[in-house]
Amino acid sequence: MPEEPELALNVLAERYASPALRRLWSQRGRVVLERRLWIAVLKAQRDLGLAVPQEAINAYERSAEQVDLDSIARRERITRHDVKARIEEFCARAGWEHIHKGMTSRDLTENVEQLQVHRSLLHVRDRAVAALAILSRRAKELRDQVITARTHNVAAQVTTMGKRLAMFGEELLRGFETIERLAAHYPVRGLQGAVGTQLDQLNLFENDPARVRDLEDRVLHHLGIARHWVNTGQVYPRSLDFEVVAALVQLASGPASLAKTLRLMAGHDLASEGFAPGQTGSSAMPHKRNSRSCERIQGFHTLLKGYLSMAAGLAGDQWNEGDVSCSVVRRVMLPDSFFAIDGLFETFLTVLGQFEVFPAVIDAEIERCLPFLLSTSFLMEAVKRGAGRESAHKTVKEHALAAAADLREGKAGSPTLLDRLAADPRLELDPDTLRRIMEEGRTNTGNAGPQVDAFCEAVEAIIAAHPEAAAYRGEAIL
Amino acid sequence: MPEEPELALNVLAERYASPALRRLWSQRGRVVLERRLWIAVLKAQRDLGLAVPQEAINAYERSAEQVDLDSIARRERITRHDVKARIEEFCARAGWEHIHKGMTSRDLTENVEQLQVHRSLLHVRDRAVAALAILSRRAKELRDQVITARTHNVAAQVTTMGKRLAMFGEELLRGFETIERLAAHYPVRGLQGAVGTQLDQLNLFENDPARVRDLEDRVLHHLGIARHWVNTGQVYPRSLDFEVVAALVQLASGPASLAKTLRLMAGHDLASEGFAPGQTGSSAMPHKRNSRSCERIQGFHTLLKGYLSMAAGLAGDQWNEGDVSCSVVRRVMLPDSFFAIDGLFETFLTVLGQFEVFPAVIDAEIERCLPFLLSTSFLMEAVKRGAGRESAHKTVKEHALAAAADLREGKAGSPTLLDRLAADPRLELDPDTLRRIMEEGRTNTGNAGPQVDAFCEAVEAIIAAHPEAAAYRGEAIL
Amino acid sequence: MPEEPELALNVLAERYASPALRRLWSQRGRVVLERRLWIAVLKAQRDLGLAVPQEAINAYERSAEQVDLDSIARRERITRHDVKARIEEFCARAGWEHIHKGMTSRDLTENVEQLQVHRSLLHVRDRAVAALAILSRRAKELRDQVITARTHNVAAQVTTMGKRLAMFGEELLRGFETIERLAAHYPVRGLQGAVGTQLDQLNLFENDPARVRDLEDRVLHHLGIARHWVNTGQVYPRSLDFEVVAALVQLASGPASLAKTLRLMAGHDLASEGFAPGQTGSSAMPHKRNSRSCERIQGFHTLLKGYLSMAAGLAGDQWNEGDVSCSVVRRVMLPDSFFAIDGLFETFLTVLGQFEVFPAVIDAEIERCLPFLLSTSFLMEAVKRGAGRESAHKTVKEHALAAAADLREGKAGSPTLLDRLAADPRLELDPDTLRRIMEEGRTNTGNAGPQVDAFCEAVEAIIAAHPEAAAYRGEAIL
Amino acid sequence: MPEEPELALNVLAERYASPALRRLWSQRGRVVLERRLWIAVLKAQRDLGLAVPQEAINAYERSAEQVDLDSIARRERITRHDVKARIEEFCARAGWEHIHKGMTSRDLTENVEQLQVHRSLLHVRDRAVAALAILSRRAKELRDQVITARTHNVAAQVTTMGKRLAMFGEELLRGFETIERLAAHYPVRGLQGAVGTQLDQLNLFENDPARVRDLEDRVLHHLGIARHWVNTGQVYPRSLDFEVVAALVQLASGPASLAKTLRLMAGHDLASEGFAPGQTGSSAMPHKRNSRSCERIQGFHTLLKGYLSMAAGLAGDQWNEGDVSCSVVRRVMLPDSFFAIDGLFETFLTVLGQFEVFPAVIDAEIERCLPFLLSTSFLMEAVKRGAGRESAHKTVKEHALAAAADLREGKAGSPTLLDRLAADPRLELDPDTLRRIMEEGRTNTGNAGPQVDAFCEAVEAIIAAHPEAAAYRGEAIL
């Protein structure tokens, strides 16, 4: 049994997120990213004419991966400045004082954090691709599975399960586009100096703007991010962080709505999110099979909205050339919002792969509801036969409500909706016509099929562009 | 004095927003937009083969602008269904029952609301253009006005007022890009029917998908929005509304940060947001000139974040093919968020046109702070002369803190920062060098000038694309 | 047809809120409240020794109710200061310049707004009382109506409809307590002067703190609010506004959860929120009876959370002795959050009065689910007979999942859960025992009945304390 | 250098929170709390007549502190149910299957989480006491330190630094009251069973409600929380979590406003939050002394508002007797919001202990602003001499604006505000009077002193009630 004081873990990272993302945001990983950036700047400064001994560069390179978090923490307790502590640690380890020249802390941290954000965006984009791929496969598989569509949670008309999936899928598709575009146009801050004027780099390079521009280009190349800000202060505008988290909230919305709908379907026993061998639904009630993964997806969405509120709290709140009232917020909000969306996709991929629909139960529901589901078809037929739309609507409504009331009260032997419609002279709907409409209506899902095809086609193009991402199937979830 | 019961007004619309936006979201205006859409559908149905008497179309067209809100309200108290009330009113007025065939309420309302949103996005984009135009003009005008840059609200280095404006301007520029792209790619729902399968239009057109597609194309053309959803339920995904309000929050962030910074500058008497003739600052204190317009800009930003929370509350919460738990939220959140951003821009345009800077006070501040503002320059010089970066940093810090402490305590005759630096052998900075750095440093704002130029150039391209929008100068504000 | 420019109305106030609240927050009503406060201060100043002509007081009193909003608006366009405009208007109307002496704008506006908030809190408390009264009546009426309880939206055990109502009722009860306590301990700002030191009133009264304290007491007495702040700046802390809106969000939560559950029940046809004669469910589908009022309740809750975000945006953001970055926010957020909660209660009262449950459908559901609902009873019985709890849980789970799978697949003639349990030697549950458990279990709702009684008793005490409020039944809603 | 995969840490807990709170929310600590609860239930069941072998109880007690998190994690990967995994682990370790009888998971987890919340509330209350104690001491120390009060960030009148502290202190005081009351009235869920009817405990005790009530009383006594819910479902209403986090946001508001004001004061060099020996302000600019702790306090406030948004997302969203869409949210939001408020208080205590004011700079500011700060005094004097209030306001305003304009433009030799006022016949203010007002006004801070005393007195009573808590001074912060 361990005796040392227990470390407080990040629940989102440890319980839900995937290893790739955990590594990207690890403390050690971050220190290494910072050191690599310092070395990239140092080499560029050397190449552009600054006197930097090659042995210093070598020494820094040798030490780059040797990360002693405890030693850094000890230094920070004195400096009360995290970057200064990491500079001193790296210099002490290398035995030189050459890094961070002409730089302010934010020349380091903003760029490294943006690198983490950018890579996380690409990671999330890939997860969205994987989700679209499975979703499209399941939509195709269930393209013609007729189900009862519901609006206001009340049986409305028939549709297909494939169409229902494609509907939420198209919402996810738009979220994917937002993420893909954001990743492509994400601007990094670059080396702007203490107040954004690049004064100190210019000082170092004898006020030669060409060399400073060259230096910055090399740093951007090192980061692998093409677009950059020109006018910033000490920090880049925090509305960019907001843009990122807002994109995550948008991306999570399609999955959250699909999850909610699966929870509703499970309540009618029409579908199940799946159940692993050995799984327990309830510690009390042995019979339970709960939609706990779908519920969890909603939980992640709620978390993301909270992180968005944090990001919104920073946007538009810059004082002069910048302050760090954002610091503790970004330390939490940036990684945690990516851990949350990552956990959401891990869960969503599992649900998409494992959910089942139960045709026997589905058919029984359609059987029960069909005359009502066709109320618009009866109405359209009456209209085509010359009835005024609003008058016919009123007549059909009367009969539908009466028939439904009888059903609710369990009245045996009372006239059905079809009986009632056929008997009403205002509608001119004879029993044969009504029977025909019933017959055809049971499987007439309008354009549902072609709509599903259109969705799958759109996804095919994305899979073709990202084949590896599309093949990802998710980790085993808790 | 009026005696009738006072109507509760929308404060944002009546007090802050511009007439154009108020008209767009008016009750009457909306009813007319709906009727025009019904007529467009009716004509298209007729053209595509449905039996619709020409007199009916004529009658609807004659009645389209005759809006009796009270009569509609009376009908709604019976139907408890707003669209049904408006159908009945329009039909009663025209004397026919031909509109809304094959349509569900959302075929009407979603499209009309999206039309309002789309036009509002274009309106807001135009206001952003106007703001960028003035901001660029002021930035050019103040391109070389040296000021004390501050980070953590503490004097840091010198920069220029033009650069400070360009910095917030570039944030606004990104917000503008987001809005422009969103307006260009905003997808409308179209005629999808009760559960999104277009069943009833297909019914009307004998299951001919080509004619239904044609019908939809004509409706989209009527709306003037190019992109549309393929797979929806009764409603389009509410994450699209979220995307819209998030774009507004982002757009407001540059102005909010600039406003905050002007409030800070006014506290040091370095600038003023302007003061109209006859204006009163305080009802108690006659001398006050308050930054109330800048404060108001922040207020609008706070409001927008609240509307975003409402929009986020709807995203990812769709039940099956849709419900209307979003209805009352969207009635409030959509117009009010546009009124808020419009009020923000009216206020921001006023501030941008009227704010002043006070060079005498600015110069006095620089004079007071200059040796400290140049601490990095002293450091860079020491480094260029061979000092270790971290050791030199420590030495300069010691002297700067000591000199600052003397100043705070009002100690006359104590050695200045320059005296102290010159006297320290660890730095090898002789008095002449220090004097030269002081001389040059007073106006050395690094790349600030060229950065401003880059911003103004970017804005020029936007002005060229939107010359009319760029010429707008704002209404007189309260 | 009216031709004048249409006024933008406050949708929440005009469409959903009750007249009492609309009046309280009307423009005219506010101007009168302000004038009454000015006169109260003036009289108190006179009584405490200041030279104020009686004719001036008479003139102000005569003019107090003569409110010309247009004239005030014209003045404000010059002063750009709303209070100064209203001072000038009132003085011009009365022909004297005696009001507002020693006062700053906030001595007026904070107190008047707090009066509006305080009265709104009492109004909302009364609506909560009315809701509790009906809820308690319906809970008593349905105390023994057995229903299928669900957790994770899956059938779990039996409970009663009365218990379900009491469960959400007890949540509302706690919200009510919060509101009642807040109204009782709500502290008003009082006359604190421009920066909170009461300097100008002290000046007027020759630095006599006793007379200033007396003045303030008279003002508090005029306002009818007992508690007041001692240390404020120009404004009272905005975290008090936050406290108010947070209390509203809490209060709305019980109704929102009940509404959500009714929507779910309506989806299974177990209940309906009610349907008025003449009401239309869907403009397309004549058969629809939607839970639109319950959906609307959720909408109000979403709005309230947005207003809370606005209130949170103001809390903890005070600069020095105060600023007005809160002004436009409070103009919107304070009335609109009360309109939203008021609309919520009007809707909730309607739903509570009109909702129906359908015993025939409820019984059919219990019949279908009963063996599963009793899985814990089988388990407890096995445990009592000596089985290990976890082993027995595993065994019952196996059989329950298998039986459920058969049902889902519509397998006729497969063994039932009871058959399976009886046949398993690990459980020692003979068919007679199982039958007895089934027999007793159908109506064994544990402590549900007494729990309902406890809720009703708690509500009785509240009704006794607020009989008039308890009798309110709500306005007709749209 | 460690090689094992790095664990993702909870930044808030590890970097900012105090050890006491970290322990309370640790994984291991939670497992032990659960086991202690199971044992308490088991013993109570035994005492009330259930057959439970003493050896089983002994075995559970022996194993209670032996926590093997890895083994539990392995089990959970099979059960996909965290509580089931922990039941199985505890039973395997003890060698018996007697715990959790008649219980559902939520009978365990809700109560344990509420225990953690309740203890955290008491912890936070104690930190608020400590903060009030120091704040009161500093307010007393600076009771008579005259400073320039600002509204709208513009110099307004004089006040004292003690009063400024008491102002934010009184806001904190109200937050403290909210927390103290909430802790006193916090209702725990208790043993309610799977759907809230206590069915299974009743089953175990032969339907004897008295024994079940007795059982529950013993459990509540074990938890040490007096108040409990009567009507719940599987879960207690999530609006209670909302109430908790809202109380934290309220509590944080006074400190956040004080921190913001200290940041503003530091920008004018009037105050500093303190600077530790060895501390670095900026890695670039050696001279910087930043208000980074005050900025951090604001950051915590922003975080708390985000957690509140998460809590609000759960309130009013209960489906039937409950679901777990709240699960992942509460795992994050509950501990993290307490870690954030704890970090805030650690930082705030440090700032309160270390902040300095600089009288020399303060006096210089008063000197510069005094004639303007006294504009209301000049106005009151003119009014006392018979001038109309509004006319005199206009006259003083004219002169004040003109004098200020001259100062801004650095015009030497132009008439001062006093010169101008004395020369204006409309005011009847002779030079002697003006000089007297200046003389007296420099230190006339109205009721500021007695207001500070009232605050300190209120705090004394709290210190007397919580002497130990009041003595806490905070950990060393990063």
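Each chain carries a letter (A, B, C and D) given by its place in the written order, and its residues are counted from 1.
Keep in mind that, in the parts below, a contact is a pair of C-beta atoms (placed from the backbone, for glycine too) under 8 Å apart; a residue touches a chain by one contact, two chains touch by 3 or more.
Quantities reported herein were computed from a predicted structural model and do not represent experimental measurements.
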Shared touching partners of chain B and chain C are A, D
By C-beta contact count, B-D versus C-D, the higher one is C-D
CA centroids of chain B and chain D: separation to the nearest Å works out as 33
Chain C to chain D, mean C-alpha position gap in Å, rounds to 25
Note: chain D residues in touch with at least two other chains are 87, 100, 150-153, 156-157, 193-194, 200, 263-264, 280-285, 290, 292, 295, 298, 305, 308-309, 313, 319, 323-324, 376
Seen from chain C, its contact residues with chain A in the complex are 150-154, 156-157, 263-264, 266-269, 275, 280-292, 295, 309, 313, 358, 360-361, 364, 372, 375-376, 379, 393-394, 396-397, 400-401, 404, 407-410, 417
Given the complex, residues on chain B that touch chain C span 1, 5-17, 19, 22, 25-29, 66-68, 76-84, 87, 100, 103-105, 107, 193-194, 200, 263, 276, 278-285, 290, 292, 295-296, 298-300, 302-303, 305-310, 313-314, 319, 323-329, 331-333, 335-336, 339, 343, 476-478
So, in the complex, the side of chain D touching chain C is made of residues 87-88, 91, 97-102, 149-153, 156-157, 159, 163-164, 166-171, 174-175, 178, 181, 187, 193-200, 202-204, 209, 212, 229-234, 237-240, 242-243, 246, 249-250, 252-257, 260-261, 264, 298, 301, 305, 308-309, 312-313, 315-324, 376-377, 380-381, 383-384, 388-391, 444-448, 450-452, 454-455
